[in-house]
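To keep things simple, chains are lettered A, B, C and D as they appear, and every chain counts its residues starting from 1.
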Amino acid sequence: MSLPEINSRERFKPILFTNDASNESYYRISLGNLQFGGDEIVLIAGPCAVESEEQILLSATLAKEVGVKMLRGGIFKPRTSPYSFQGLGMPALEWFRKAADKVSLPIVSEVMDVEQVDQFEPYVDVLQIGSRNMQNFSLLKRVGQSHRPILLKRGMSATYWELINAAMYIAEEGNTQIILCERGIRTFSDFTRNTFDVAIIPKLKQECKLPVIADPSHASGDSKLVIPLALSAIAAGADGIMVEFHPNPQQAKSDAKQALSPEQLKTLALQLRSLAVAMGRRFGE
Amino acid sequence: MSLPEINSRERFKPILFTNDASNESYYRISLGNLQFGGDEIVLIAGPCAVESEEQILLSATLAKEVGVKMLRGGIFKPRTSPYSFQGLGMPALEWFRKAADKVSLPIVSEVMDVEQVDQFEPYVDVLQIGSRNMQNFSLLKRVGQSHRPILLKRGMSATYWELINAAMYIAEEGNTQIILCERGIRTFSDFTRNTFDVAIIPKLKQECKLPVIADPSHASGDSKLVIPLALSAIAAGADGIMVEFHPNPQQAKSDAKQALSPEQLKTLALQLRSLAVAMGRRFGE
Amino acid sequence: MSLPEINSRERFKPILFTNDASNESYYRISLGNLQFGGDEIVLIAGPCAVESEEQILLSATLAKEVGVKMLRGGIFKPRTSPYSFQGLGMPALEWFRKAADKVSLPIVSEVMDVEQVDQFEPYVDVLQIGSRNMQNFSLLKRVGQSHRPILLKRGMSATYWELINAAMYIAEEGNTQIILCERGIRTFSDFTRNTFDVAIIPKLKQECKLPVIADPSHASGDSKLVIPLALSAIAAGADGIMVEFHPNPQQAKSDAKQALSPEQLKTLALQLRSLAVAMGRRFGE
Amino acid sequence: MSLPEINSRERFKPILFTNDASNESYYRISLGNLQFGGDEIVLIAGPCAVESEEQILLSATLAKEVGVKMLRGGIFKPRTSPYSFQGLGMPALEWFRKAADKVSLPIVSEVMDVEQVDQFEPYVDVLQIGSRNMQNFSLLKRVGQSHRPILLKRGMSATYWELINAAMYIAEEGNTQIILCERGIRTFSDFTRNTFDVAIIPKLKQECKLPVIADPSHASGDSKLVIPLALSAIAAGADGIMVEFHPNPQQAKSDAKQALSPEQLKTLALQLRSLAVAMGRRFGE
């Protein structure tokens, strides 16, 4: 019955870790003409929640115009309170897919349990594991058996090592198409909703083969800080940015304070483009 | 489609909150001759993981002798690394039930997903939701439909308000038999594994109708600190203590550093007894 | 010029560390018939700031009646904002000394710079180093040359090891009469002003020869939590408690929310007395 | 005696806060042909400690060559342990001034108490207040009376509001030549020495008139992360970067792990130059 503990860094090495600073050693995750982990800087945007067929179609159209390469949108929302808006469920997912097809963009959405993985797999291009579920090991194992790439968000109080291990739960099941995402951690600092731990981006890029993106919307909870944080993430080496935006932020059913307006999204895209040049990367073509 | 946000403190009031400092307003959770939320101070103890039929029977017998009123033991272990010992699964649960029946004690064990709730309900007296799953809302809803009491552990970076809301996810489904548990939070402080936030105990006792216990083993990760922290929790008003102990701590398959030895468990029970008197409460009869 | 780093744990050993769990190895700090570090549990109380001759005399009289053994009171207040009440300065110190002499109690007050040490030494029995100055090394060195005992409060984000080292800065100058004080640390947890890290009390008592007390007023910032936290500290092994109290808390010029009323102070004293018995210690004679 | 609390945000407004996003409202701090708070991105570099006349002259020469505009160097070092290297004191300051004059660069160095301010004022161009002293109010008041600009580092657990208030202690004495510096905060995250809170940079730039720089060396404690963090700070809007570098990092007497080598410093300067263009700013001329 004795089961010796295996030094997990050793086990991880060939699968997740790299000592090779050259680009060759990184995993690339391709979705149509989009690629994570290469030269490209990917902008993912969309509303916190899919709220109606019109809202998501308008969001998709506006996003496409400014250079967004993947759409995000919540179907079932993980909310602190059981009395808060919980998302519209499966009908919203159909609207989301239809809108995305109209503008020819892939979509990512969060799954909160094993059952939702079955429901989401036919519709979404990337399955998202949210912060609260980063150590939901049953869920990690299930998405490890999916043929879809996984967007794995760092837990609110997860260490670097715990994030790596969560990815390993997925990879061990056979799915190494994993995109890591920094989205802010819990600290005493109270001028933002969370503290954006930008240093984990270069740390992950130096040691790990997986693409890394950042979510400055949840990190800050403040639309005025989203653009500078997005730029800081790219300057630190991130492969992409995921932001919340809303055709009309004042009317958003959730997280209104952090959603970019269409104008702000356009500004972000413009600034990412010129930053990409300085960083020797590509944006938006 | 508009779904107005309801002030959740208002909604919570009749179910979870109390303004009444008298004991009358608290929920009592009874299991045989054991009661949480009344005068009694309950000691819960057992190994981190059920490792063999002999180990759990020996643990149960030793625990019973010193005044332990409920047994704990891990069946499926939530471990940071996929290569760490993951628990022995359902056979271990049968051993656990058999050992508990032999010494006539109730048992509590952690469920990590919805499927395990179905498997565990026939065997355990109390279902535990672990820290990593405090905001696994699918799981909270499922145990809200259980007829078993729930032991809900605070998440590693959960605020007071988030803990209350997690309880509310369970209560809204109809199950108000919830025991809350402080088990340490993530901070910069590095001499313990987590920082034991003892202040949440009186805060919860003053505002909320639910019983509150503490887990000083996971809070500290250090067996030398378990007894003083257990005493501090009771002095702060806790209704019980849950500790890890092992018949032979050096041989424990997991968390060996934090497990009490049988002698230490006995010392803890003795000190709880005299502290209970000073606090106007009962222990161990 | 090469100056080798000395393993400081080795250097500390004979001065601050103990491997001897027996009481013999602890430092005792005596002030009249009061002793820190022995069997006695010491209650220190007083207003946040000395506000008038009447207020401090009334405070001293009320405190003496219920068993308080040392008075605290702020002369120069370290305040976040330069526009907040900064304390009344040297006249207040004279009132404080006079009031204390009237009731025959020793006093402790905070010094914020080297110059104030010179001013305070003739008046106070114990010099307090506040949290914000725990690593004000110039100040630590100066009080290390004082003949007065030092009350050293843990910094808001000081690790265990940094606290030990701050004490060592004092001890190295020749003054080993140091009382350590846990007063809460900065974390994400927001229902209290700080998070009371009760575990550092037994950790210090097990490893270090110095007396350890707790300040539940600053730890919680909430008078409703002060008594349970005080009891938790004693149960964890603390040698004393320092609390803020005010003859009329609603009229306090600073920190009103955390000040105990005279009735609450009396209740605290009563509960400490019965807890002391359970812990095999003495209170209040 | 009653002293009403003044709403300090109101008091601060005309002195520190701005509602004007245009550049006009910012304070500019000029030192020779160098300016903080305008278009320029300023690189400050130098060894953790001034270790010898040769070391500081070599450092200064190397720094000058790659575009560094101000030199940093420790004279008295604030060290956790009293047994660690404490800096070489006043002779080192003379070497530092001489070396700086040789390469025609201004210098900044940390003062730890009021007495050192008197000693340093004739030698340094900018007085630094270190993290541990951000709320050493006596020291803040003293440098508020200095004619030298002040580099104020954020405390390890200081909130945004506390940092603003610390600056206000200085400004109230008449000195508004204050440069703020983010240098990492204390959190649970353990892959870096501190967590670099990059979001405070745009927050300060949006609300406050003062120049803001970042210290990625102390934030990360890891030379491999210094360059990406420096770039992230500039992308987030910082006015400059302060880094530790050493002619030969392996031989540094303190903080060797975080010091850039001359080659790394050169790389940083090159990358800052191209990033400055993308951000519409200037570097290095």
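Definition applied: a residue touches a chain if its C-beta (ideal position, glycine included) is under 8 Å from a C-beta of that chain, and two chains touch if they have at least 3 such contacts.
Keep in mind the model is a prediction, meaning the values are calculated, not measured.
Chemist: Looking at C-alpha means, what's the farthest chain from subunit C?
Modeler: Result for the farthest chain: A.
Chemist: For the pairs B-C and A-C, output the one whose chains share more C-beta pairs in contact.
Modeler: Here the pair linked by more C-beta pairs in contact is B-C.
Chemist: For the copies subunit A and subunit D, give the interface type as same if over half of its residue numbers appear on both sides, and as different if under half do.
Modeler: Same: when the shared numbers are divided by all numbers used, the fraction is over half.
Chemist: Please tell me the distance, in whole Å, between the geometric centres of subunit A and subunit C computed from their C-alpha atoms.
Modeler: Here the centre of subunit C sits 48 Å away from the centre of subunit A.
Chemist: Can you give the whole-Å distance between the Cα centres of subunit B and subunit C?
Modeler: That gives a centre separation of 34 Å.
Chemist: Among the residues of subunit C, which are close enough to touch at least two other chains?
Modeler: If we look for residues of subunit C contacting two or more partner chains, we find 157, 161, 185-188, 190.
Chemist: Where on subunit A does subunit C make contact in their complex?
Modeler: Residues of subunit A touching subunit C: 157, 186-188, 190.
Chemist: Show which residues of subunit B lie in contact with subunit C when the two form their complex.
Modeler: Residues 157, 159-161, 185-192, 195-203, 206, 219-220, 224-225, 228-229, 231-237, 274-275, 277-279 of subunit B touch subunit C in their complex.
Chemist: For subunit A, which residues are in contact with subunit B within the complex?
Modeler: Listed in rising order, the residues are 1, 3, 5-6, 8, 11, 51-52, 78-85, 88, 112-115, 132-133, 135-139, 156-157, 161-162, 165, 168-169, 172, 186, 253.
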